[in-house]
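Down below are the structures I want you to see.
Each of the two complexes below includes subunit A, the first together with subunit B, the second together with subunit C.
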Partner chain A sequence: MIVQQSLFQTLVALVGSLASVTCALLYFRRVRLERPAIGTFNGRDIVMIAFFIIVLPILYLLLPDVVLTGFLVVTFTSALYIALSPLIPARVMWVGIVALLVANIWITETLLGTKAGWQLYWSLTSIAVLIAAVGVSNLYVQGGMRLGHIAWFALFLAGYDAFFSMVIPLTPKLADAFEGRPLDPSIGFTIGLYNANIGLGDLLIYCLFAVAAYKGFGRRGAIAAFVIITIFGAIIPGMVPVLITRFVRQGVGIVVPAQTFFGPVAFATYFWLRSFAPERNMQQWFATQDALGSPVVRVRRPVRTRPALASAAR
Partner chain B sequence: MRNHPSLRVALFALLLGVLVACGAKTAPHITGPNVVVMTTGTFMTDHITIAAGDKLIFVNDADTAARHILAIGTNGDLHSQAGAPNFGGAAGVNVGQGAAWTSPAWTTVGTYHITCTIHPMMNLTVTVRPAIQPTATPKSTLLAPLWPLAVGGSRAGLTKLFGGKHTLTGVIPNFKGDTEKLPRHRLDMNLA
Partner chain C sequence: MFETAIRQMRMAMAMVWGRPINPRNVERLIADGLKTLDEFGSPGDDVQQLLEGPFSDPAARREFQDRSLQLTARRLQRHSPYYRQIFQQHHVAADALTVDTITAIPVTRKQDLQDHQAAFISDDSHPYLTTRTTGTTGHPAEIWLSRYEIELWPAIAALSGLLRGEIGPRDCMQINISSRATAATQQNMTVCRLVGARTRMLGVIPPAESLESLLTGGADAPTLLSTYPSYLAQLVKLTQERHLSHHDFHLRRVDCGGEPLSAALATAAHDMLGAPINDTFAMTEVLPVSGRVCRQGHVHHDLNMGLIEVLDLATGQPAASGALGSVVITPYYPYRECMPVLRYDTRDVVRRLPDTPLTCELAGIPATSSILGKADHLLHLPDAIVVPRDLVEILEALPSQPWPARFQAEVVGDHIALLVAPEVIAGVSCAEIERRFHQAGIPVVVTVHEYAADAGLVLRPLRADLRETTFAGRRN
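And then the complex of A and B:
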C-alpha cells in the first residue's frame, strides 16, 4: 500500500511541479510584469519572507475557518491578478477570477462527499495554484530576486521543513488543517484510495529557482533546475516513505519535508552554475532579449483622458 | 502626526490575541456506547452495533488539526445505501477539529458503511439490530437497585418486582441506561 501511495504522490508531485515550472519559464520569456515600486530585492527582503513563513502557518492554525477562507480568497485574488492582468482584458479576467474562486468554495461546501466532487475540487484548485505560483515567482524574479537569494532561501527552508516536520509537527498539522477547506494551497488529485498533493510553498520555490536560474545562467541554468526539481523536488520526496516509515502517518497519508531534500542540492547547484559564468541581472537579461528581438507582452494599462482635455482636442 | 511604536506593538498584540481567542478550540467530552471518536486519519473502532432507533455521535479529536467529511460509503467514496440515515448527500457531513455531530436515528435494520472522503482509508461498519422493547418494567424506581439482583437471583424476586407473571423476551437496559453492563443473553429468558 505504501508503495502505491508513494508512486501516486510522486506522479502528482512530478506533474504539479514540472507543469508549474514550465509555465513559469514560458511566462518569463513572454510576459513583462510591472515592477512594484519597492526597489530591488535584497537579503533583508529574504529575511522578511522567512519571518512570515514562520509566523503565517501558526496564524493559519489559529484562525477561525471563515477568517482563514477570507484570507485565502484575498491572497489568491492578488496572485491571480498579478499573473493574468498582462494576458487577459480586465473585465474577462475579473469574471474568470471570481468564477474560479466562487466555484471552488461552492464545490467545497456541496460536493466533497463524493470522489467526483473531490476530483473537480482538485482540478479547480490546481489551476488556481499553478497560476498563482507562475505569477508570484515571476513578480519576484522580474522584481530583482536573484538565484543567490533563492539558493540561500532554499537552504533555510531545508532546515525549517525538517524542524517543523520532525521536531515540531507544524507542517503536517497545517496540511491536515487545509484538507477539506476551500482553496487548499496545493496542486493535488485523488484516485481510489489515494490522495496526494504538493504545496504552493514547494511549487513557489521550484518556480523561483527555475526562472532565476534561467535568467541568471540561460539554458544551462534552466536544464539544471529541471533536473534537480525532478529528482530532489518530486521523485525522492515522493518515494522516500518507502524507505523511511517515519513520514507515513497511519491512515492519513504521507507528509514529507520536500525542501529538506531540495534545499541543499539547490544551494550546491547555484555555486556550480556560478562557476561557469557570473549571474546575469534583470537589466542584462532585458538587453539580451532586446538584442534577439524576442516578442514580449506587457501589462496593459487603460489610458484615461480628462473629458475637458479630450473635448478640447477634438 | 507622531509615530507611536509601542501603540502599534500593542495593537498588533491585541489583534493577535483576538485571533487566537477566536481560534481556540475545545474538546467535546462525550462518552457513551454510541460514540465514535475520530483521530487524524482513523475511526477509533472499525465496527459498531446499535439498536434500531439509536443515533450515533461522531466526535473529532480536538488534538488533531484534521477535519473529516463523513459519507455513507466505503474507501472515501459515496455509495448510497437504502435505509441509511441522511449524511448530507453529495456534500457529506463536515466534522471540524474538536467538533461532534449526531447522526439522525438509524431506523432500518442492516449493515451500513461509513467513510471519510478526506481520508479514504477511514471505514466504519455499522450494524443496526432490531430494537426489542421490554414487555415489563419494574413497578417502582425505588426498587431499581434490586433489579440486577433479581435477574441474577430467583424467579420469586422478579415476580415480586413485577407483581405477577410476565414474559421477558428482549433486552433490558440496566438502570443507568447502559446496556453493555448486563450481558443481554442472560435476560433473554422466559419467566412465565
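And then the complex of A and C:
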C-alpha cells in the first residue's frame, strides 16, 4: 500500500512540478511584467520573505476558517492578477478569476463527498495554484531576484522544512488544516484510495530556481534546474516514505519535507553553474531576449499622463 | 525591493503630511536607484508618473496646491517673523489659504529680502550656509540655508536626475558657474557625489582653460557641462577658433541657465560640442523650485515643489492668456525651511500661453513661455513692449555670430537706440541689422561703441564676466 501511495505521490509531484516549471519558463521568455520605478530584490528582501514563511503558517493555524479562506482568496486573486493581466483583457480576466475561486469554494462546500467532486476540486485548485506559482515566480525573478538569492533561500528552507516536519510538526498540521478546505494551496489529485499533492511553497521554489537559472545561465541553467527538480524535488521526496516510515501518517497520506532534499542540491548547483560563467542580470537578459527576436508580451496600461493646459501654471 | 517601497512610502507620507523629508532616506533611495539601473539598465514603468506628479489633472493639481499652500502658510505663521506680521496686517488665515485667496497677500520683492533679511529667517531653523545672488539687477540679496536644505535639495535633484537618465555614475560634470554661487555649486557637487559621478569644479575661469579641461581625460573627459549661456558662447567661439568639432568632446548634455539662451547659440553649441543644450530655470531666492525648457521653448516649472503664478506687470493680478507677466513663486514647505519666501516676485518676465493642451515632450506639466528678460529691462515703446530676449535672439542670429551679444538698449522717442560692440557688425552693416529688427517689428537705430569691449558695465551685464582668475591664466 505504501509503495503504491508513494508512486502516486511521486507521479503527482512530478507532473505538478514539471508542468509549473515549464509554464514559468515559457512565461518568462514571452511576458515582461511591470516593475516599480525603483527597486530590485536584495538579500534583505529574502530575509523578509523567510520571516513571513515562518510566521504565516502559525497564523494560518490560529485563524478561524472563514478568515483563513478570506486570506487565501486575497492571496490567490493577487497572484492570478499578476500572472494573467498581461495576457487577457481585464474584463475577461476578472470574470475568469472570480469564476475560478467561486467554483472552488462552492465545490468544496457541496461536492467533496464524492470522488468526482474531489477530482473536480483538485483540478480547479491545481489550475489556480499553477497560475499563481508561474506569476509570483516571474514577478520575483523579473523584479531582480537572482539565482544566488534563491540558492541561499532554498538552503534555509531545507533546514526549516526538516525542523518543522520532524522536530515541531507544523507542516503536517498545516497540511491537515488545508485538507478539504477551499483553495488548498497545492497541486494534487485523487484516484481510488490514493490522494496526493505538492504544496505551493515547493512549487514556487522550483519555479523560482528554474526561471532564475535560465535567466542567469541560459540553457545550461534550465537543464540543470529540470534535472534536480525531477530527482530531488519530486522523485526522492515522493519515494522516501518507502524507506523512512516516519513520514507516513495513518490514514491521511504522507508529508515529506521536500526542501530538505532539494535545498542543498540547489545550493550546490548554483555554485556549479557559476563556475562556468557569471550570472546574467536582467539587463543582459533583456539584450538576449531582444537578440532572440521573439515577440514579448508587455502590460499595456492606459497612458495616465495627459497633456496639461498651458495656463495651469497660474 | 520591499525596503525601497517602504522608503518611497516614507518620503510620500512626509510630502503629504508636510513633515520634514529625511535626506538620508532620499539618499538611500538614490542607492536603490543605482542598483535598479545596474540590474535593469533603466528605471521601472511608472517613473514618469513618479517624477512629474499628477499635474495634468486639474482637480488633483488644485487639491495638491491648496494643501501645500496651507502647510507652508501654517509654518510661516508660526516661525517666520516677517510673514507672521504680513498675515496679521492683511488678515490672512493660513489654514484657509488657497490658490484663489493667495492674492490677498502682497508679493515679496528683492528689496524686502534686503531690507528685512533677519525677519525672513525662521525662528525654528539654524542657518548654516549663505548664498548670494550675482547682483545682475542691482545689489545682491543674501539667502541663508539650513543644513537640512543643503542636504535635501541635492538628494532630490540627484534622485530625479538619475531616474531621468540625466546623470549617472559614469558621468563627469564640469562646472563653469561662479564659485560664489554657493548653493548651485554645492548642489551640483553633491548631486555628483550621491550618484557616484566625477566633478570638475572650475568656476568662471578663462574659457581657454575650461575648453582644455573639456578636451582632456580621454574616456574620462567631462560628459556633462553646467554653465551660463554667455560662458557657453565664449566656449563655442573658442571651439570655432581652434577648429575643433564635436568629435573632440565627450559631452552628452550641457545645462545652461541664468540668462536668455538664444536659438542661434543653442544650435551652434549643439553642433560644435555634440550634445543637446538643456536650458533650465533656477533662481537663488526661490530654490529649490526650478524649471525645464522643452524643445518648443516653454518653461515647465516643477510644480511638486512650489506654486507658480504669472502676474500682470501693470495690475499685479493674474496675467491674461497671451499677456506678459512676472513669474511669482512660492516654494513649499517641507522643501524650503530656513529663509522661506511666499509669493516671491522674480521679476522674470514670461508670456502666459494660450489655454490649449500642450503638445511638447513635457506636455504633462503646465508651462509658460521661455523667460523673456527681467521686468526692469523691458523697453516700453509708444505702442509695444520689447523684451530683452527679442534683442538677443536677433543679434545672436547675425552672420557675425557675436556670441555672447553685448549691447545696450534704451528707448529714444519712438525707437530703440541700440549700442553694440564692434564685433557685432563684423561682415554686416548697421543698416542690415536695423532691417532685421524692423522685419521683427522692432524699430531700432544701431550705433557702434568703439570701446564697448572694455566698457563691460555700460553694456548688458553677462555672467561670463564674473571672471575668476588663475595663475595659469595670468601667465598666458
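Rule of thumb we're sticking to: the second predicted complex is superposed on the first by the 299 of 314 C-alpha atoms of A that agree within 3 Å, B and C clash if a C-alpha of one lies under 4 Å from a C-alpha of the other, contacts with A are read in each partner's own complex, and residues count from 1 in each chain.
The criterion applied here is as follows: a contact is a pair of C-beta atoms (placed from the backbone, for glycine too) under 8 Å apart; a residue touches a chain by one contact, two chains touch by 3 or more.
This is a predicted model, so every value here is computed, not measured.
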- Check whether A:192 is in contact with subunit B, with subunit C, with both or with neither, and answer first, second, both or neither. first
- Message: Contact-wise, after the overlay, does A:227 reach subunit B, subunit C, both or neither (first, second, both, neither)?
- Response: neither
- First (subunit B), second (subunit C), both or neither: which does A:296 touch? neither
- Task: In the overlay, answer first, second, both or neither for which of subunit B and subunit C A:286 touches.
- Result: second
- Item | First (subunit B), second (subunit C), both or neither touched by A:117 | first
- Item | Partner chain(s) touched by A:99 [first = subunit B, second = subunit C, both, neither] | neither
- Message: Per the contact definition in the header, classify A:64: touching subunit B only (first), subunit C only (second), both, or neither.
- Response: first
- Show which residues of subunit A both subunit B and subunit C reach, each in its own complex. none
- Can you list the residues on subunit B that touch subunit A in the complex? 19-20, 22-24, 40-42, 64-71, 75-78, 87-94, 96-97, 117-122
- subunit A partner, complex, touching residues on subunit C are 1-5, 8, 29, 32-33, 35-36, 38-41, 43-50, 52, 55-58, 61, 99, 163, 298, 301, 303, 307-310, 318, 321, 352-359, 363-368
- Task: In the complex, go through subunit A and note every residue touching subunit B.
- Result: 59, 61-65, 67, 109-115, 117-118, 173-174, 176-177, 179-181, 190, 192-195, 249-253
- Message: Under the stated contact criterion, what part of subunit A meets subunit C in this complex?
- Response: 34-42, 44-45, 48, 143-144, 281-283, 286, 299, 304-314
